[in-house]
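Down below are the structures I want you to see.
In what comes next, chain A is part of two complexes: it sits with chain B in the first one and with chain C in the second one.
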Partner chain A sequence: MSTFSRFLKITIQEDFRFPVAEIFAFLMALAPLTLYVEGANYASLSDSQAFSYFSSALGLSGFLFLIMIFKNISFGLGSDLEKGVTNSFLTFPISRGKYLTAKLISGALLPFLMFMVAPLPLVIAYAPNFGNYGALLLYWAITASGYMVIIGLMNLVAMATKKGATSLIAGLGLYFAAEFASGFALFFAARGNRTAFYATSLLNPSELWTSHYRMLGASLTVSTGIAASLTIASALLGIALLLASYASFEKVVQL
Partner chain B sequence: MSYRYGVLLVLVALPLLLSSQLPVYSVYQVSVSGHFGSANYGPIVLPISANFNRNSVQVSLNLTGLTGNVNLVLYNASEVLYNASGAKVQPGGPIISKTKAELYSNKTFIGGKYYQAITLTKEDGAGNLTAVLYPINGAKGVASIIASYYTLPPSPAALPVSLTIIGIGIVWIAASVLTPRRTKK
Partner chain C sequence: MLICVNGESLICVITVNHNLPIIEVKNLKKNYGGFQALKGIDFCVDEGKVVALVGPNGAGKTTTLKILSGFLRPSEGSAKILGKDPWSSPELKKEVAFILDKPNFPPHVRVREFLKEAALMVGKNDGKALDYIKLLGLDQYADRAFAKLSAGNMQKFAIALALLREPKLVVADEPTSNLDPEARAQFYDLVLGAKRKGTTFFISSHVLTELEKVADDIIIMSDGQIRAKAPLNELASSMSSSSFRITTDKPDALAELLGGTVLEGKVVVDEHKADLSAIDGAAKKVGARIVSVDRVGSSLDEIFKKLVDEK
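Take a look at the complex of A and B:
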């Protein structure tokens, strides 16, 4: 077993101590039960219905995924930097880049896989013939691109302040700020000015697709091209923040 | 071989098992009636005032107190959703899917009968329903429209699949607990 795999195993054991993984997996699997009282007929779904369905079915699981990210980054990376544990780990023959990669795999990628897999049994059980896997992939992509921005920012704050609590506050702040800003931006968008709406959708791209599928009314409809390009822009922003956190950890952060 | 994978399998399958045991019941139901009298030969309008903010609504028609026949047209606010005399779907706005409209088009509902659950699938979930009944063959008596939506029934496969996954999980836990662990010297 290579040093990286050994370190990854240690990180996963630390982030997913019993019963953390079990509780989150159970809650994520349980969350689509909110569909039970929806009373909708999901025998076959148009794109709009499918997106509405996945928003309802996976919304709560997505929030649980976000809580896992908050926990893993602030109490994983942030807390390790704060308590000097990172210094001890870097005495292993492992580069800073690989250290951060292991932290991201354990802290964000595994929770994302859990978010994709755990709710699937109920999602399929309530719409056995939905067949619209494109909408499911789209919902996963939107969730990933929106949360990548939060992950990148939390990493940077954790590295800058070397405090887990501060990165947690930054992540929570960004999430709620994005939610509130989306609400205000929608208010202006309904009155004809969409600039703020497009800007906030970089942090919260799901609103774009909600508008695209006319769930917010016909006056707020967004074309596929704009929705897709802004979602890609949101993903690129997330990737840029992640790369910045790598560069910062490699070159700037003094341990 | 960690017992935790078995626990994960059991916990992920439990909600599926739970869903298969939940009853199907009417979450919301509203009933409106109209009377075709001897002097009333025109259509009657029955506003179903509840906002059915759902993708599908099930509409039943109680004609047990009626002689003669009727045609039914359902509106979502001012838009025609389902026209019994021919599928007529307005462009734009919330609509019933064309497939459903065609399925129930050209249908006459016969007096003295109870028609169960015509499912209307809407393209998006918003709108007040209004029913209009057109009398045919001198319809007389009371006609009622019952609109409702029900809890969602899961796939029939939910029970066997969840039990299989839980079974695999339990076997996994048992195997990992019973497998002797290597001790380091």
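Take a look at the complex of A and C:
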């Protein structure tokens, strides 16, 4: 095993302490009850139905994933920087880039796999006529791009504040501010001005697709082209923010 | 090397010293906003030595060590370890160990689990790590999470992690600040043991009397500048001015006449102010009975105070 994988192992031990695995097990045990009712309603799934089904079936998982990234990135990274845990790790032969990569794998990628990917066999199993893998990939892409933006922002906030509690409060503040902004943007969009709606959808592209599939009413329909290009823009913004957090940690952040 | 001058050959042997200083700091400056923590310091640390960095709070010691650890970037100048920039050379940490002033580890990971991975990360086995843990009396805490370890035990753990690497260089910032006297003595024994095996130490500390026992060279800092750097014995002899400690029945009167001070009931007079005959004369003048006169050299503490006060 390399130095990096050993470091990753320690980071995972810290991030996945009690009760993370237990919550995951509970969720998996609970899933058949909720998904059965949900999935049984569909005889066959159109794009719109599949998107709606995934959104609701993975809603609780998504919420838990969000809590995990607040715990691991906003609070965890901020706390490590505050208390000198990062410094202690960096006395080992590991670069700052690899340190951050391990934190992101443990803090965000693994929770994503646990909460957003692992339940999918159950989700599919309870919608027997599913067969719509395009909608599934789209749902993943939308979710991942939105979360990348959030994670990139959380990274930068944690590095700027270097304090666990402050970083968590700032992260929560940013998240809820974005949610409120999104709500206001929808309000204005319903009155014909879509600029704010498109701008806030960069943080949460699932709103775009909810509109696209006319779940928000016919007046707020977004074309496939706009929804796809704004989702790509959101993914690019997420990648840019992640790269910025790497560049910042490797070149600027003083410990 | 063979050099020919006017057809005659001249053999010239040039000895090149390939031993670069293990630490080389040149014109190192560090600003925090408008505050200048380091004002352009220069020093070198040679291989195999124990070098002490001492200074009062705010002198710039921790900033210097943080730059050497790669945690801070210098504002100007350079700090190199084994010829490399610590900020951009994580591979250095295979050969260099750092003991931080407030070491901290992932709070929910157990000591034994961390130790195993940490030992393997630096190419050692966890058995060796456990030996150090036992040596420092930490084996009873091996199954506890770091969150349940005291600051002193955390520091012992950091010391064990540093020394088990058998590094070329140990950079330590106040390594004994949280340790009890027994553990402090043990640490300095470990330093001397590792030094015998060729490990270089660069230690910052406030506990000057302990450093006196292990340090070869000393660097005294205050106000972001270096006040003195020299082998400890040379510094002590060049700076020392002995004093007389006189036990008498009239200390206050004698001290006043000799221009000395009364310390713990004894008159303390600098040797530049009075010699033995002057003390005898003064004692007769005030009618004091001299019980004893001891000549005492300057301690590292006194030298340090003198240099820092001179700024």
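Observations on the model:
One rule holds for everything that comes next: the second predicted complex is superposed on the first by the 233 of 255 C-alpha atoms of A that agree within 3 Å, B and C clash if a C-alpha of one lies under 4 Å from a C-alpha of the other, contacts with A are read in each partner's own complex, and residues count from 1 in each chain.
Going forward, a contact is a pair of C-beta atoms (placed from the backbone, for glycine too) under 8 Å apart; a residue touches a chain by one contact, two chains touch by 3 or more.
Please read all numbers here as calculations on a predicted model, not as lab measurements.
Of the two partner chains placed by the overlay, only chain B lies in contact with A:30; chain C stays clear of it.
Contact with chain B, but none with chain C, is seen for A:52 once the two complexes are overlaid on the shared chain.
Touch criterion met: A:22 reaches chain B, while chain C stays clear of it.
In the superposition on chain A, contact of A:221 is made with neither chain B nor chain C.
Residue contacts after overlaying the shared chain place A:9 against chain C, while chain B stays out of touching range. Taking chain A as the reference, the larger set of touched residues comes from B, when chain B and chain C are compared. In the superposition on chain A, contact of A:122 is made with chain B only, not with chain C. Shared interface residues of chain A, touching chain B in one complex and chain C in the other, do not exist. Within the complex, the chain B residues that touch chain A are 4, 7-8, 11-16, 18-20, 22, 27-28, 54-56, 92-93, 97, 119, 121, 123-125, 149-152, 154-155, 157-158, 161-162, 165. The touching residues of chain A, when paired with chain C in their complex, are 1, 3, 6-7, 9-11, 13-14, 17, 80, 83-85, 87-88, 90-96, 254-255.
Taken in their complex, chain A has these residues touching chain B: 18-19, 21-22, 25-26, 29-30, 32-33, 35-42, 46, 48-49, 52, 117-118, 121-122, 124-126, 128, 213-215, 218. The touching residues of chain C, when paired with chain A in their complex, are 66, 69-73, 90-94, 97-98, 100, 102-109, 113-114, 117-118, 120-122, 158, 162.
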